[in-house]
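Remarks on the structure that follows.
Think of it as A, B, C, D, E and F in the order they're written, each chain with its own count starting at 1.
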Amino acid sequence: MLTDSDVERWLREDVGHHDVTNQVPGETTGRLVAKESGTVAGLDAARAVFSYLDCAVESSANRGDRIEPGDVVLRVEGPARAVLRGERVAVNVVGHASGIATTTAAAVRQAERVTDDVRIAGTRKTTPGLRGVEKRAVVAGGGDTHRLDLSHMVMVKDNHVAEMGLEGAIDHFSERASFATKLDVEVETVEAAPRAAAAGADIVLLDNMTPTETERAVELVAETDGETRTEASGGITAGDVADYAATGVDIISMGSLTHSAPTLDLSFRTGAP
Amino acid sequence: MLTDSDVERWLREDVGHHDVTNQVPGETTGRLVAKESGTVAGLDAARAVFSYLDCAVESSANRGDRIEPGDVVLRVEGPARAVLRGERVAVNVVGHASGIATTTAAAVRQAERVTDDVRIAGTRKTTPGLRGVEKRAVVAGGGDTHRLDLSHMVMVKDNHVAEMGLEGAIDHFSERASFATKLDVEVETVEAAPRAAAAGADIVLLDNMTPTETERAVELVAETDGETRTEASGGITAGDVADYAATGVDIISMGSLTHSAPTLDLSFRTGAP
Amino acid sequence: MLTDSDVERWLREDVGHHDVTNQVPGETTGRLVAKESGTVAGLDAARAVFSYLDCAVESSANRGDRIEPGDVVLRVEGPARAVLRGERVAVNVVGHASGIATTTAAAVRQAERVTDDVRIAGTRKTTPGLRGVEKRAVVAGGGDTHRLDLSHMVMVKDNHVAEMGLEGAIDHFSERASFATKLDVEVETVEAAPRAAAAGADIVLLDNMTPTETERAVELVAETDGETRTEASGGITAGDVADYAATGVDIISMGSLTHSAPTLDLSFRTGAP
Amino acid sequence: MLTDSDVERWLREDVGHHDVTNQVPGETTGRLVAKESGTVAGLDAARAVFSYLDCAVESSANRGDRIEPGDVVLRVEGPARAVLRGERVAVNVVGHASGIATTTAAAVRQAERVTDDVRIAGTRKTTPGLRGVEKRAVVAGGGDTHRLDLSHMVMVKDNHVAEMGLEGAIDHFSERASFATKLDVEVETVEAAPRAAAAGADIVLLDNMTPTETERAVELVAETDGETRTEASGGITAGDVADYAATGVDIISMGSLTHSAPTLDLSFRTGAP
Amino acid sequence: MLTDSDVERWLREDVGHHDVTNQVPGETTGRLVAKESGTVAGLDAARAVFSYLDCAVESSANRGDRIEPGDVVLRVEGPARAVLRGERVAVNVVGHASGIATTTAAAVRQAERVTDDVRIAGTRKTTPGLRGVEKRAVVAGGGDTHRLDLSHMVMVKDNHVAEMGLEGAIDHFSERASFATKLDVEVETVEAAPRAAAAGADIVLLDNMTPTETERAVELVAETDGETRTEASGGITAGDVADYAATGVDIISMGSLTHSAPTLDLSFRTGAP
Amino acid sequence: MLTDSDVERWLREDVGHHDVTNQVPGETTGRLVAKESGTVAGLDAARAVFSYLDCAVESSANRGDRIEPGDVVLRVEGPARAVLRGERVAVNVVGHASGIATTTAAAVRQAERVTDDVRIAGTRKTTPGLRGVEKRAVVAGGGDTHRLDLSHMVMVKDNHVAEMGLEGAIDHFSERASFATKLDVEVETVEAAPRAAAAGADIVLLDNMTPTETERAVELVAETDGETRTEASGGITAGDVADYAATGVDIISMGSLTHSAPTLDLSFRTGAP
């Protein structure tokens, strides 16, 4: 959840102690306008920025909308000083979130050429301080948040397996995790995948496997259990996401959706349109 | 300045209310290791993360160092639970900052092929909440922070000029700005550049000009005044930074250094090396 | 995750601007001692309080331990002023959390007389500001956290069903929820329970049913699907938890674990034991 | 004083990063309704929650009102998403505060059967983070806040007396405390009570005495000084509060008012009544 | 109570995003040294500043000590960067608090020429954000904090009296205030003073009276009641504090102690002494 | 930038947990009125205080206006409870800021008797937590903020010069500072002044020099370079500011503007005028 404190911190870091350029009297209007095509996200955050500054603000696009150059996504009205003060922060956060949404949407499109049955998911590789904004941007792009924080879903990792064995680790965490929490179990080999499924994994994460290995692991998991989902992860890029989508895997998770998405270019225009 | 509150917020958003996976007894060690080549930054932030968690932490690289795959950049020692808890946040912030440093260093190298007399600078197009981390990462990559916040330097923009005229706007802000504050004046035409210099600009920002226009504007400014610096800005990319560097301009500012730099890939390894 | 800011707020509200009674020179020791039997929790929070005050602190009991009058659960050493300053807050938080753990443990024991196959779970009915402390206290008492926040698990409620129909609501949220998130579907009638299971609920919450109704619903759910769990909820007390446990239901959730647990009585003793 | 930061923290801990269930378009209304009889408190906190979320909110009961099942205590109007988001936190805080008010009112009624001249007071045994909310709830129930924090009133405790003697400790703190601050002196024996009064105590706290001892101490204090008040404290419960009230003591303080009061049951209903 | 958040805010506002001057390697020492005579205060705040920065710090003076030019009041040791970073904030806070202590001590000395039986007290006219620091500085100078905040003591003001009458207002607040809270009743005329005492005021504040009026009011109050204290307030300065002290009044409160005290001059010296 | 968090902290510290005096029903109005002549500042902060409390508020003076006794500078309307709650904090912050503005304006007037070409500037010797409020108050009084924080302008100090030599230190920081940042170089002798100018100082700070020395240094700097400004600093008071102004120096910086300015006396009146 985005809070007033977050917005306050963003504005404070951008304004400093004494800004002489924005001391403009009177009222003005402003429009946040796309300069390139993409998928829009982060509008809630921009609205919160201008609300904090006591401006009236209205979205003219919805999260996840495809936008084209010239499209207005947000309209603002208020004291000129406030509108100007929020401008840069609003552009930065919408550009950042929309960049993630656009990158996600591109990966989703790649996958959809092959199948409708795979989800493109983010990871915990988000920018510090922006977990929620970025996760919601992934959703805006048609993706899946994956786990939101360490408490949302248990991931059984290689170091757990090294210490307790695969079945031991799954038992250990099944007992300790709430009934409300899923178990995602990371396996390094094709052979381990059906074992994890049989031992109670809700999801089996196929780590750093080739598409061929992934396909085989998916088949083996399917044989043991109709309920366990499979996830491909580990350095998957826009270039090979379709290959993984073709394996029948349920989820493809990509850190690059959040940690390496370029911004979407927008500008903020004040005064009469 | 990075504060304990920043670190606390980063950790809190990643951990949530009840994480069962990191409840590991005993002490452990950890190492932050490069997986690809680049320029390292953000180590102070990672140190602050582990210090907040009461771990001993030591950098084994300096801000701005060139690192290669396998290089250890940070060593940590402390309660296993604390080390594991800080891991993801530390990787995220160092990856993010190093990505910016690496992107900056690449732009600097492009420019240096042509001249040693140009500075590659960031902008205010930073990720909300990370202004300081990102500005210092630009410095780590050999770049210049540009203005840190609205109060650091006055930028006279096209809307000011539209309202008060070029000389009028410069006078207006010269009077209102502290003697401690520089004036950076944005011009849209080659002809306006020497006028801005003559009127008292400390820096003339040549906005969205071609390399040819930039070169001419730089010459005109040099003729009027030996002190005024020139800055090229507006959609300059790694592809044409060298062209701008060749114009004799003093500063090239690039929003892409902070808003579109992909992460640098690092991993965190626990236990004996 | 408990943060320094939380501890700071607790201390600040208890100390005020100028406390003349704790201005004691020198060092001292302190012990947190049980005055009645129960299950201990909240020790991490008490440790954090004294760490914030730069005291050395050591737990002499583990979360979830059964304690008896006279048992020492925490030992502290540091400046007398700091030890005295932390005392009341530490007693308050450990007493509060241990009260919840003790209440939970009693409910678990009631259920265990009947079966080992039921989980006693908390709810979102926690004290504002203490979500994590209270959820972890439920775990200390042998209970299950249930969902930690609105983002942890989706609960399909009667108002969703009223609007979209049972199957419609389940479809709606299955599509929107992450693969990492479970669906808990609330039903008001026995007949609706197997429909919810068939439509894809991970858990079916049997709301305000009698034990007899609960038993029947559990049977019907079991017939449709071997995977769907059942949860009894709605005003269940220590008095009838065993009756619900006997129905074969998987989870019994009780708001009273957190919103109505009396404190566990402890005292803080300073100086030599 | 309850702040926006408090409310923000309560909402943030309940919502998490991505809640799909409350993404409801349009406006709605809500009513906070009593499900059992009691004394209402915490309405200001609930109002603050909905105000933070930009809902219109109106109390339909006053702090300290006796309420019956079905009584509406708060009405809310606003975006459906905001109303739903505030619901659980509002119920939790009003239930918690009203539980304290109801418990206090019951103790007050017990005492009033015997006398109108005794005050039932809380202690510093409050839930961390909720000092103000709980103290004001005690007042809503007809009780007395007792000291609000360590700086509000000086309490001379047994360890001070052990170190400096009774008269010595009273002198010590009379000198150091502001003229604005009262002195409450804790005594362990009947004999010490009049000595404390004579030495300058504003209040003499009769610690862990039986009603008979308390009565005797009250008489002895009355003989020495017409101004000094007496306070009974130490494990007094609803069961014996009347016995203490009958002793003529001025104040009876009870930790259980805040640390062990069960919640008052309320529900939140949305849509047309 | 001074918190880490306070210190963090002070440092953050002084450092900004990128300070190149304090990037000094190695360790250093520092000493906070008096440049003029006065009474020292604020050392706890300075210690907290350097502790936040992980420096070792030791006071070499106590709160309230008289210091002379050249006296060292604080010694620091730590990373050069940290020591330099804390320097200005530490000087500012100790100078500010010591200025208040010194001003207070001067007023106390003026009063002591006439009598030992009057207290010189501060008011709520403190610098926003520094209530505790300033109140403790008044104490360091030998003064009395007066009420710390609105909840510490009830002040019955002229607008209350206008609305409810003098006795009515005193009754109104006696009933509503805790037994732990004193009543300070402001009167505008000599005649009203004994009425306020008779009606139950703990303190009668003689507002804006001349010394002669004050003396008469003090006498009248003494006649009615041996317990009620008297307070002179309203624009009393160092120049006439002795005149008021001679009236027999118990307390003289002066806003100028906190709102108009000049700083005490100190410097911070690094490196070997 | 002043934030809601700042205002919240100011109010919280003044109100405490339970204030019985301001529990007044109904609406009221209030006016902030000058009681002495001076220059007004801090109105934005007072507006923010009342806005936080949901009152309507309107300034009836502008920052920097000269005000006379009886002048209304702010009008407020809202719930009586809220208006009364904000009163003391508003008076404190406006009094403090206006005291600084008035002190600054007096120094400016002293200087203007001699020349129009000097700026009277503040320093970093501000009250912790109020950097922005105080810097803007200096501006309101006709002064110059000087550097806002360590990151705004680089000051080369004697310890830098001791370590690296004058020219060495200037080179060192010219290289490390952004092009957006000025260099202010402190010199202890007249002879060093032109050397600093020649080496690239934007401003030469003439530290603790007499007016005669200052005049000579100003001349020498002027000879070497037409661009370098000069600054006089070090214990300059209202008494000798005109002497320094007469030297031709460009800037006179005075710590006393912020660290020793007495408050400006204002009162807050509620109800009909």
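The working rule: a residue touches a chain if its C-beta (ideal position, glycine included) is under 8 Å from a C-beta of that chain, and two chains touch if they have at least 3 such contacts.
Since this is a predicted model, take the numbers as computed values, not measurements.
K.L.:
Taking contact as defined at the start, I'd like the list of chains shared as neighbours by chain B and chain F.
P.N.:
A, C, D, E
K.L.:
Since chain D and chain F are copies that touch, just let me know if over half of their interface numbering is common to both, same, or not, different.
P.N.:
Both copies, chain D as well as chain F, present different residues to each other, with under half of the numbers appearing on both sides.
K.L.:
Quick one: point me to the chain whose Cα centre is farthest from that of chain B.
P.N.:
Using the mean of the C-alpha atoms as each chain's centre, the farthest one from chain B is D.
K.L.:
Could you tell me the distance, in whole angstrom, between the mean C-alpha positions of chain A and chain E?
P.N.:
Measuring from centre to centre gives 52 Å for this pair.
K.L.:
Can you compute the centre-to-centre distance for chain A and chain C, using the mean CA position of each chain? Integer Å is fine.
P.N.:
Taking the mean C-alpha position of each chain, the two centres sit 30 Å apart.
K.L.:
Measuring from the mean C-alpha position of chain E to the mean C-alpha position of chain F, what distance in angstrom results?
P.N.:
Taking the average C-alpha coordinate of chain E and of chain F, the gap between them is 23 Å.
K.L.:
Please output the residue numbers of chain B that touch at least 2 other chains, ranges allowed.
P.N.:
4-5, 13, 15-19, 131-132, 145, 148-149, 151-152, 178, 181
K.L.:
So how do the chains connect up here, line, ring, star, complete, or something else (other)?
P.N.:
Topology of the interface graph: complete, with all chain pairs in contact.
K.L.:
Taking the complex as given, what residues does chain B use to touch chain D?
P.N.:
The contact residues of chain B facing chain D are 13, 16-17.
K.L.:
Would you mind writing out the residues of chain B in touch with chain A in their complex?
P.N.:
Chain B residues touching chain A: 6, 9-10, 13-23, 45, 88-89, 91-93, 95-96, 99, 124-132, 148-152, 154-157, 159-160, 173, 176-178, 181, 255-256, 259-260, 262-263, 270-271.
K.L.:
Tell me, which parts of chain B touch chain F in their complex?
P.N.:
Touching chain F: residues 119, 121, 144-148, 151-153, 178-182, 184, 203, 227, 229, 231, 250-251 of chain B.
K.L.:
Which chain C residues qualify as touching chain E in the complex?
P.N.:
Counting only chain C, the residues touching chain E are 4-5, 8, 11-12, 15-19, 52, 54.
K.L.:
Spell out the residues on chain A that touch chain D in their complex, using ranges where they run on.
P.N.:
1, 3-5, 51, 131-132, 135-136, 139, 145, 148-149, 152
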